[in-house]
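Just dropping this structure here.
Order of writing sets the labels: A, B, C, D, E and F. Residues in every chain begin at 1.
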Amino acid sequence: MFYHTKKLQYFKPPTKPDAVYAKKVQELIGGTFGEMTVMMQYLFQGFNCRGPAKYRDMLLDIGTEEIGHIEMLATMIAHLLDKAPIKVQEDGASDPVVGAVMGGTNPRDVIMAEAMAMNPQHLIVSGLGATAADSVGYPWNGRFIIASGNLMADFRSNLHAESQGRLQAVRMYEMSDDPGVKDTLSFMIARDTMHQNQWLAALEELKSDGLEDAPVPSSFPLQLEKREYAYQFWNHSEGTDSAEGRWAKGSSMDGKGEFEYIENPQPLGPEPQPPQVDPRLHGTPIDPSMNTTSMSSPGGTSMPSQGVVKEIDKRNRQ
Amino acid sequence: MFYHTKKLQYFKPPTKPDAVYAKKVQELIGGTFGEMTVMMQYLFQGFNCRGPAKYRDMLLDIGTEEIGHIEMLATMIAHLLDKAPIKVQEDGASDPVVGAVMGGTNPRDVIMAEAMAMNPQHLIVSGLGATAADSVGYPWNGRFIIASGNLMADFRSNLHAESQGRLQAVRMYEMSDDPGVKDTLSFMIARDTMHQNQWLAALEELKSDGLEDAPVPSSFPLQLEKREYAYQFWNHSEGTDSAEGRWAKGSSMDGKGEFEYIENPQPLGPEPQPPQVDPRLHGTPIDPSMNTTSMSSPGGTSMPSQGVVKEIDKRNRQ
Amino acid sequence: MFYHTKKLQYFKPPTKPDAVYAKKVQELIGGTFGEMTVMMQYLFQGFNCRGPAKYRDMLLDIGTEEIGHIEMLATMIAHLLDKAPIKVQEDGASDPVVGAVMGGTNPRDVIMAEAMAMNPQHLIVSGLGATAADSVGYPWNGRFIIASGNLMADFRSNLHAESQGRLQAVRMYEMSDDPGVKDTLSFMIARDTMHQNQWLAALEELKSDGLEDAPVPSSFPLQLEKREYAYQFWNHSEGTDSAEGRWAKGSSMDGKGEFEYIENPQPLGPEPQPPQVDPRLHGTPIDPSMNTTSMSSPGGTSMPSQGVVKEIDKRNRQ
Amino acid sequence: MFYHTKKLQYFKPPTKPDAVYAKKVQELIGGTFGEMTVMMQYLFQGFNCRGPAKYRDMLLDIGTEEIGHIEMLATMIAHLLDKAPIKVQEDGASDPVVGAVMGGTNPRDVIMAEAMAMNPQHLIVSGLGATAADSVGYPWNGRFIIASGNLMADFRSNLHAESQGRLQAVRMYEMSDDPGVKDTLSFMIARDTMHQNQWLAALEELKSDGLEDAPVPSSFPLQLEKREYAYQFWNHSEGTDSAEGRWAKGSSMDGKGEFEYIENPQPLGPEPQPPQVDPRLHGTPIDPSMNTTSMSSPGGTSMPSQGVVKEIDKRNRQ
Amino acid sequence: MFYHTKKLQYFKPPTKPDAVYAKKVQELIGGTFGEMTVMMQYLFQGFNCRGPAKYRDMLLDIGTEEIGHIEMLATMIAHLLDKAPIKVQEDGASDPVVGAVMGGTNPRDVIMAEAMAMNPQHLIVSGLGATAADSVGYPWNGRFIIASGNLMADFRSNLHAESQGRLQAVRMYEMSDDPGVKDTLSFMIARDTMHQNQWLAALEELKSDGLEDAPVPSSFPLQLEKREYAYQFWNHSEGTDSAEGRWAKGSSMDGKGEFEYIENPQPLGPEPQPPQVDPRLHGTPIDPSMNTTSMSSPGGTSMPSQGVVKEIDKRNRQ
Amino acid sequence: MFYHTKKLQYFKPPTKPDAVYAKKVQELIGGTFGEMTVMMQYLFQGFNCRGPAKYRDMLLDIGTEEIGHIEMLATMIAHLLDKAPIKVQEDGASDPVVGAVMGGTNPRDVIMAEAMAMNPQHLIVSGLGATAADSVGYPWNGRFIIASGNLMADFRSNLHAESQGRLQAVRMYEMSDDPGVKDTLSFMIARDTMHQNQWLAALEELKSDGLEDAPVPSSFPLQLEKREYAYQFWNHSEGTDSAEGRWAKGSSMDGKGEFEYIENPQPLGPEPQPPQVDPRLHGTPIDPSMNTTSMSSPGGTSMPSQGVVKEIDKRNRQ
């Protein structure tokens, strides 16, 4: 069960409105690596967790923190959308604040461009509020998250999510000159630093607890995979630039094999032979004679003849 | 530019049809972590790569390999769908092969259940061929992949994709008794072992090349984030199970800080104050008087009065 | 900011596993009217709320409650998926519990049908955990929710969501014989009763506060709409069954007009005349001569001739 | 069966082109609450209706009317896209009409900004025609509609759809200065007024017909829900602003209970205990020893040992 | 504007319920090539049509017909869902009708399998009505349709849609033994025959009217394309099976060139050189030195040094 | 299995950056008719092909070529995004190149408008690289493609895809003044010319091989469709403009019938009668008495009374 406290985890208001920047902030809420993703991913991983209590508790702690991050960003968007231009031509262009910021550009032109480029749903749909979508208006969806039941697979996902998330927050920081925006983002970037460290620590912990190891899942008996191909790098393109990396030589990272570079890889399998299908599906067969159906009676049902059925069988057994 | 060779990278045909298993194999093609994902992710990362040639080449090598994995699985599905039941009640129930496999169950019942449970699009849409969708028929989409331009962020994503991918392939292996299916999967599982190792190696290489380090992106000056919150674990729930993990104490994994456990975290920010909005958006204001618009003339335009505009301004500046 | 407590708001465990029922419970989590929808809808409405504090607080209270409902249902799914059949043919068929339940049906057949019909992603993707998707595996997405800034529009949405939600929970109740499942659902159904009442109350409150009224948005001056069509029912089909309802006669529900039944409605507008377009878009014009472009030079650019441009203009002004 | 008449239900052409406004009008066609939604929702509710004929007929009347609304808006978009700028730099900038409208801004700049900000698919994909998508280009989809079979649940949905729809149409009206656009919208806004009234009337009618009542569905025996929680407001956040509303005290709106405000709600359920899972799914168990599988033979199948199976059972029964 | 008549265009009721077949019929309503697609595609093509009146009128005629096809199929689904099993174990198993149909299979088993395999949303969401989704529950969406403004491009699309549509209807016919279902489908299949013929005729008409020709769009001056590659078949795979087709030799189908078979195609372009990017985006550059940013002041902004900017410029100009 | 060669099939770099044009190029990669569609469609058709080898080989040839087209366009986008404005106000405005191009417009204004209108994900998500999405940021998905198993149905789809694809490429050509962009596009347009010709040839070949004919699928016995409706044009709207086309008179295009124009089409079916449903689904019945359920015991299960069940049966049999 959850509780809410009215204050924000951290927040400095933007110093001025910027409807186009508000559009971009949506990426950090509803984008593939936005706060909705980490919140939902950690909560579902926590709800589904069968591992030791410390992992479950930690997942729910951080998942609960992330709900508050959505709250912070939604508040930031509300401020950025303040006085968003409702029409392309407004009188507000004489606003001295806007004028002062824009240097050589006509403030009226800035407002016009902003009115044209802002997310129209911020006006029409949400009335100047945040939405559950990314910076191009595509909605967040449940396929953005994973809770597989295997904690090492999932913590690797979490590490990647926090890496993409911090990268995006940093880019947003670079794209702004607003001290308030930058201050709030610098808190969130710091939390992403923590969270990257946290998942790196958790990955180490899983290993030291003997719960999982590389390759994931480590509980699958290695003899059941084709070991002879488990450490080969296949060079699928001309040239051998790819031979120069750590992945092409030396001990494998799991310590269980030796990397091998296959410069001219050859297929190991046969040409594919998809079997011929029942003529009642009216696909295109290899031979016209194999697609004939007879018919019991008018208004009745089409039926493949026994000859066709046998011919299909014969071919499919070759 | 790309070339195709007719033979499959590896393949053993299934020994018997199984339309319901074919439905499940779709997860490995078009699921979030299916072959379409790794293929497209590696190719886009390669196309967009500005890093050293060895990384670009390696990305395109593995991306090109993965196209062939889709080909293998599509062929497997075609075999598994052989003789898929077109109607719920078919005469094929007398097929001795089916009977032998099923033990105590009436073969007719097996076919009936299979006819009901198989993916209907395998019959209606694709005529017994693979589709670009997952095991519940949801189509693969471009938001499943990431190519961010930051290779460490992306390689962490690749490591996670190969972990989820191997986990899913292993689960599919466990869910089958068909020697042909298991043989082909055991090749793919081995390749996933290689690919996990490959990304672990590539992550190490990026670091030893001085191109990137934790926290990602390492090129962002750490002074610009709020360092005081960069190593704190916030305990957002009752109880302190989460204090027992590596993430709660000791040096941070990036070597740049010390983990700290905040047992009773308090909000650092104020209560949110989303600004009042222009009455022409007809949202609900804090006070009824703030939502009145006057009207220039019938058929004209509604306009907020100056009083309302000033009142909104005053409130929003508090 | 949010906190978590380890206990569930309410919960009775299912008395026996049922993987197919688990598939259905997903509708209550990730369906259009599942708990993810009400949770996210209420939180975003709360985050974006500019109205009086009691509304904002109430929205965040109920939104926070709903997070816990996801938690309850995810836990229910984990229990229902216990011992889910990994293969179509398993030995577990001799399990006496299953046998006792199934009456005249061979337990092995029940397991086979269950193995075929259960959501394959519960095995392959989530390892027997809940996912952020509905009963057919379609992921929850952000377009399921609305936070418009107009509280009456939104509370009407909330009332509808709780109506659909209670209807679906009731149907799920009817579809189960498991006392544990039914007990938990009967708690959730009661909460839906409260929530329907709550939104009815909130709608009344908005009106008595003078903040909003029918038709929504009431702050738009009625003179600006074409009042003569604001209370007419247009009978777009043969027959007049629709004349028998309350909507066809008497005072309008907003008390501002009189319903009128238009038995043979006639179009009020002209035939549409979409203007002819620039030939450089290579659409099909009304006349072949209007789609010719000339060309400055080989490798150059195609250009519409002045004659064509004039002809298009002339037509479009008709 | 349906028929078409060539004239539009109502229409005044826009007085001047405006490609960016055309982008916004898409919200009213293909957005969550656009005309495609109400059309499809009412038609499916009508097709599926088992209730008295007056409801079915009324649903199909209004659904049929809404098809014509798409037609009107598509025609509006075609006019607004007239002369849409194909290139960022065009000579049309000297067009005196544009110049006259734009006041202090360089017409060339207006065209440039418009060319950049318009929906690119209006040029590339549809050749200056309307598309089945919203104002950010996201396609309309079937999850936007509901036809549940319970008419009160559905009419509440319809009421909400017409509320959001009228709100959005009003916002679009406020965002335009074009007399033609405003005239057409003022007709549509009036129809939305009718339709809100219509659903309010239909809700009343369902009740007076004895077909349904609050809480929906009223045919579910109230004794089957946990009545003790059916009228409690749970205060999930600090502070008691939410105690001030109608929902916190007095008779419930359905007249069947008394609202109660729970200031400090406590969980009623236990801590969740998701059962341990079969090791063949390779999730992370609570203890490493529970994830071991043995193997019959090389190339064979992994199997959980009997000890592990028993241990899992024992834990799950606790 | 549109009108509705109460009778169906054509209909014979199914002779018996079949909930799993109802699931499949959804493909014909809401699938990629279902009736919603052709209806919406033809209506939008008609709304947007700038061509001669006969084309516009024809498009709206057929689009209007297709609305009625949805109505027919929705009615079929309602009948097929009659008495759909609400629980896995129901007493209805003793129903003699079911028993008579099923031959050797226990009717209770048929009902159980049907209860498990039917679309759960038909019970939970729609209460035994049709939904706007396909046979796996994926919703219809607006990207399924095209209205490009070029009628030949669009009529080719229509021809393809009617081909896939008739193929799917035929497959559904083959998958049923119900005389009522087959009768209704045989009407729809006949209409698809007409519609294929209609688009073939319309394609011929466009050409004979001089409005369009191959290659589409024919209004684009051929000199502007690289004519030397306009008739070459590039053999991108080993072997030359593809040389045996009509596409590899002889006059091109547009009569404007000669097919040529390129057996060993070689790339004509250079190796790609994506330019190095601004270090403030924190991507991975070709050299670590190029990703350094300095910082004006604590809490300030990171800035790329002039040296880095110059180095990037130099590389990107090579 | 596939191989990659480092060089591009064809490429001329753009002469200058243009971030907004880069946004538009995405349509050619990830749009409904972009290169991802043709690539995946041809590969899946090839993988699933059961027809003669020449078709399979040809499909895989062209599918493999199309992978390289994505590569070309991704490279084009990388160049177009060079120096994309990271902030709305940048100093780069003094760049003489930009100034020279823009004529009368202030270069600073061009950059500002570009910064506002460019795809924000090109900055935040991909770091100036191509994404797997269209020009409005909607991701490519697997429902864009079809591989039905019937080659004539599919080749008609391919013909249409290449028609839409060439139309879009031509529009993009018209929308650019950049010689490098135009040169690369003129190669792609030529390839589209080839591919349209190729599918026209392949359609002819299928027919001359006796594998398929109109109407598709031709293997379905025509007697099984309602032949009397197979060549009628139904005029669903007032007026008879549609009688003037080739589709309204003369021999049908398949040579198997005679077109007939039905000027006043009348419904052939009855009024729909969806059956009444089980009261446990709590839908709205035709009569309130039919929705009552009794209840075995408190905490028990609701049950429809026998009287209600009989009444439903009686009605549904009428």
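Definition applied: a residue touches a chain if its C-beta (ideal position, glycine included) is under 8 Å from a C-beta of that chain, and two chains touch if they have at least 3 such contacts.
Treat the numbers as computed from the prediction; the structure is a model and nothing was measured.
Both chain B and chain C are touched by A, D, E, F. Taken over every residue number at the interface, the positions common to chain C and chain F amount to over half, indicating a same-residue contact. Once the centre of each chain is set as its mean CA position, chain B and chain E turn out to be 24 Å apart. Averaged Cα coordinates give chain C a centre that lies 5 Å from the centre of chain D. Residues of chain C found to touch two or more other chains are 1-9, 32, 47-48, 55, 57, 60-61, 64-65, 71, 75, 78, 86, 106, 109, 113, 116-117, 123, 125, 127-129, 133, 136-139, 141, 143, 146, 148-150, 152, 167, 170-171, 174, 177, 186, 217, 220, 224, 236-237, 239, 267, 272, 274-275, 277, 280-283, 299, 302. Against chain C, the residues of chain B that register as touching in their complex are 20, 23-24, 27, 31-32, 101-106, 109-110, 113-114, 116-117, 134-138, 168, 171-172, 174-177, 236-239, 267, 272, 274-277, 279, 281-288, 291-293, 295, 298-300, 302.
Within the complex, the chain A residues that touch chain E are 167, 170-171, 174, 177, 179, 182-183, 186, 280-282, 299, 301-302. Against chain C, the residues of chain D that register as touching in their complex are 5-11, 32-33, 53-58, 60-62, 64-65, 71-72, 75, 78-79, 82-83, 86, 123, 127-129, 138, 141, 143-144, 146, 148, 150, 152-153, 156-157, 159-160, 163-164, 166-167, 170, 173, 186-187, 189-194, 196-198, 200-202, 204-205, 208, 214-217, 220, 222, 224-237, 239-247, 252-254, 257, 259, 267-272, 274-275, 277-278, 280-283, 316. Within the complex formed with chain A, the chain F residues making contact are 1-6, 47-52, 55, 86-89, 106, 108-109, 112-113, 116-117, 119-121, 123-125, 127, 133, 136-139, 148-152, 206, 209-212, 217, 219-221, 223-224. Partner chain C is touched in their complex by these residues of chain A: 1-9, 30, 36, 40, 43-44, 47-48, 57, 60-61, 63-65, 67-68, 70-71, 74-75, 78, 125-133, 139-143, 145-150.
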